[in-house]
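In what comes next, chain A is part of two complexes: it sits with chain B in the first one and with chain C in the second one.
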Partner chain A sequence: MKKKDFYNELIEFLELDPVDLDENTEFTSIEGYDSMAVMSLIAFCDEKFGTKINAQQIQKLTTVGSLMDFLGREKFEN
Partner chain B sequence: MGSAIGQIAYYLPEKVITNKDLEEQFKKWEAEKIFKKIGIAERHVVDGSQTALDLAYEASVKVLENYKKEDIDFLILCTQSPDYFLPTSSCVLQDKLGLRKDSGAFDFNLGCSGFVYGLAVSKGLISAGIAKNIILVMSETYSRHIHPLDLANRTIFGDGAAATIIESSETEKIYGFVLGTDGSGMQNLIVPNGGMRHLKDPGAEETINSSGDVSSANCLYMNGPEIFNFTIDVVPVAVHDVLEKNNLTLDQIDYVVFHQANKYMIDFLRKKLGIPENKFFMDMADTGNTVSATIPIGLKKALDQELIKTGDKVLLCGFGVGYSWGATVIQI
Partner chain C sequence: MSTLHNKTIVITGASSGIGRQIAIDSASQGAATILVARNKSRLEETRQMLVTGNHFVCPFDVTDFGNIDGLINEVYEKAGSISGFVHCAGLESTIPFRNMKAEIYENLFKINVIAAFEFARIISKKKYMNPDGGSFVFLGSVMSRFGREGKVGYCASKGALTSSIKAMSLELSSRKIRCNVILPGVVQTEMINKMFESIPESSVKQITDQHPLGLGMPEDIANMAVFLLSDKSRWITGSELVIDGGYSAQ
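Coming up: the complex of A and B.
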């Protein structure tokens, strides 16, 4: 998956306001990244990547890049 | 002897908390955003000292309005908020309702899976000839366990009770069940203090999570992400297994009523299972998540709105606190 497409899908799935994301964006700095967005994140990982992400793993996420590491870097291309 | 669901009635306490009320108090989430995401616009909560038993009484009176209460020979109450450790709340309710003294009554403590378990037990009692006509009551007041400054949980949960009459029937209209339990999830939806393991602690420390929700060990704690993951794990399997157990396919099911946890979660499960929207009940807008009462309330609403009709096969699935889950198919 192209990184740009990943960022756009993430924003859409998490129902965030349109924002420029890149892998260095900290989740905590994203407007609207709240407990409702976390629900969407779980659904996103399951539906788009067939991957479970648990509460502890979500807590450990720092940047969007850390999510990509979790999902597997090999899945993404520039 | 077969069994069938007869009448259903529900009761919601008078006090209403709207999304606007929460928006004004907490100034954090927009009312519209809450409704759009989780499908809840308002929730009813008990006032003062009103208890789950009081709500159970009101729902039971309603359901008995068009029923001969002398025909009831068993009362089952599902609640996690009993009036007392002892005596059993259903004994108190038997007396308040003036039910026959030669009838059975007991409480059981389950949450979101409660209605399915209650149906299972009712079916067993009737098929064993132990009871003929059962009043099965779900009643919950999670608001009394939730910290006043815990926005997340105050947004989701509402109080309410539903009373269902399960009657003996010539034809079996409550089919086979799948039930599940996984106590390793106990910490993810819990009121830690107040039972016998940890008594209520007046000095319990207040904690604030990363979202700003306040709680303490005396209050309800829910790990939303873990609960969501749990439902993704067990619900699709339970639905598949209950269909298989009853030699049915999803196409043969006329309607589906899941525990109405929140719109986002159950719509995700619906899509994952490939259940069409027009066959799936999803309405918690004016109740919030009323725990064990959501399924009977959903059935009642579906009947009133003619989303289901006599003869329809309806798949029910409850899942949550415990962890506990169950699924069955009924014929309306």
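Coming up: the complex of A and C.
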């Protein structure tokens, strides 16, 4: 998956306000990123990547890039 | 005197949690138990926990609706007429409404609602049911009365199950079958532990704090289930019994 498509899917799934994401973006800095967004992120990993992740693990993934590391870098291309 | 002596009880979801505890407590009260769930080895574990008796392990997917009659017929051949049914098989889901999909609702309703109805309908047939009647116990949830983020599908499924009980109890009263639903608060089971992993720690603390008597244990629910299965509750039907450590008292 292209990184740009990943960012767009993430924004759409979490229903975040349009924002320019990159690997360095910290989740907590995104407007509208709240506890419901955390639940959505868990559902996103499961539905889009078949990857189970729990709330404790999610909290350790502070940036978009760290989420991509968790999901597996081989799944992304520029 | 054991309160479930000479009673054969079918229990779905008997491989873990509340279902397993109900099997243990029913057996200790003299029941023959029919243990139903998908995982055979976990059902065998449950059977190992039961006092000696006429217990049967039945690996079965409760959403295999077309084969429930065959399963119950097999149970009848082995164990004789049935006096009780407990539907503990259940699916929990914590997904924000905005991310829900039709297939997630379908899965929730298949396991939490339709499987309960189909097992009850088939077991209630004259050819399977004890002529003296019996008791059906369904596991609902206080979530059928209260809301929580991420629970639209789960609340809806438990609400559907709960709202069916009065009609079912009226239809089956002529056969002396009583139907009741238990509405537990949060009980410490594997399913709930898994749910707790999918929500922020702050939410786990909030849920725990909302139970004035703390989170429940499977035996807290099993005690009521055994009572409802027994003749001691012979005048109780169509009821919703809340057991929630005070969650709904607030």
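Heads up, the rule we're going with is that the second predicted complex is superposed on the first by the 78 of 78 C-alpha atoms of A that agree within 3 Å, B and C clash if a C-alpha of one lies under 4 Å from a C-alpha of the other, contacts with A are read in each partner's own complex, and residues count from 1 in each chain.
Here, contacts are C-beta pairs under 8 Å (C-beta built on N, C-alpha and C of every residue); 3 or more make two chains touch, one makes a residue touch a chain.
Given the structure is predicted, the values throughout are model-derived calculations rather than measurements.
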Exercise for the section: Assess the superposed three-chain arrangement around chain A: do chain B and chain C clash, or do they fit? Expected result: clash
Exercise for the section: Could you say whether A:Ile11 touches chain B, chain C, both of them, or neither, answering first, second, both or neither? Expected result: neither
Exercise for the section: Give one of first, second, both or neither to describe whether A:Ala55 is in contact with chain B, with chain C, with both, or with none. Expected result: both
Practice task
Have a look at where A:Ser40 lands relative to chain B and chain C in the superposition and call it first, second, both or neither.
Solution key: both
Completion exercise
chain A residues contacting chain B in one complex and chain C in the other 15, 35-36, 38-40, 42-43, 47, 54-55
Exercise for the section: Flag every residue of chain A that touches chain C in the complex, lowest number first. Expected result: 13, 15, 35-36, 38-40, 42-44, 47, 54-56, 59
Handout entry: chain A contact footprint on chain B (complex, rising order)
Key = 29, 33, 37-38, 152, 211, 223-226, 228-229, 232, 264-265, 268, 271-272
Handout entry: Contact set on chain A toward chain B in their complex
Key = 15, 34-36, 38-40, 42-43, 46-47, 52-55, 58
Problem - chain A-touching residues of chain C, taken from the complex the two chains share - result: 94-96, 98-99, 149-150, 197-203
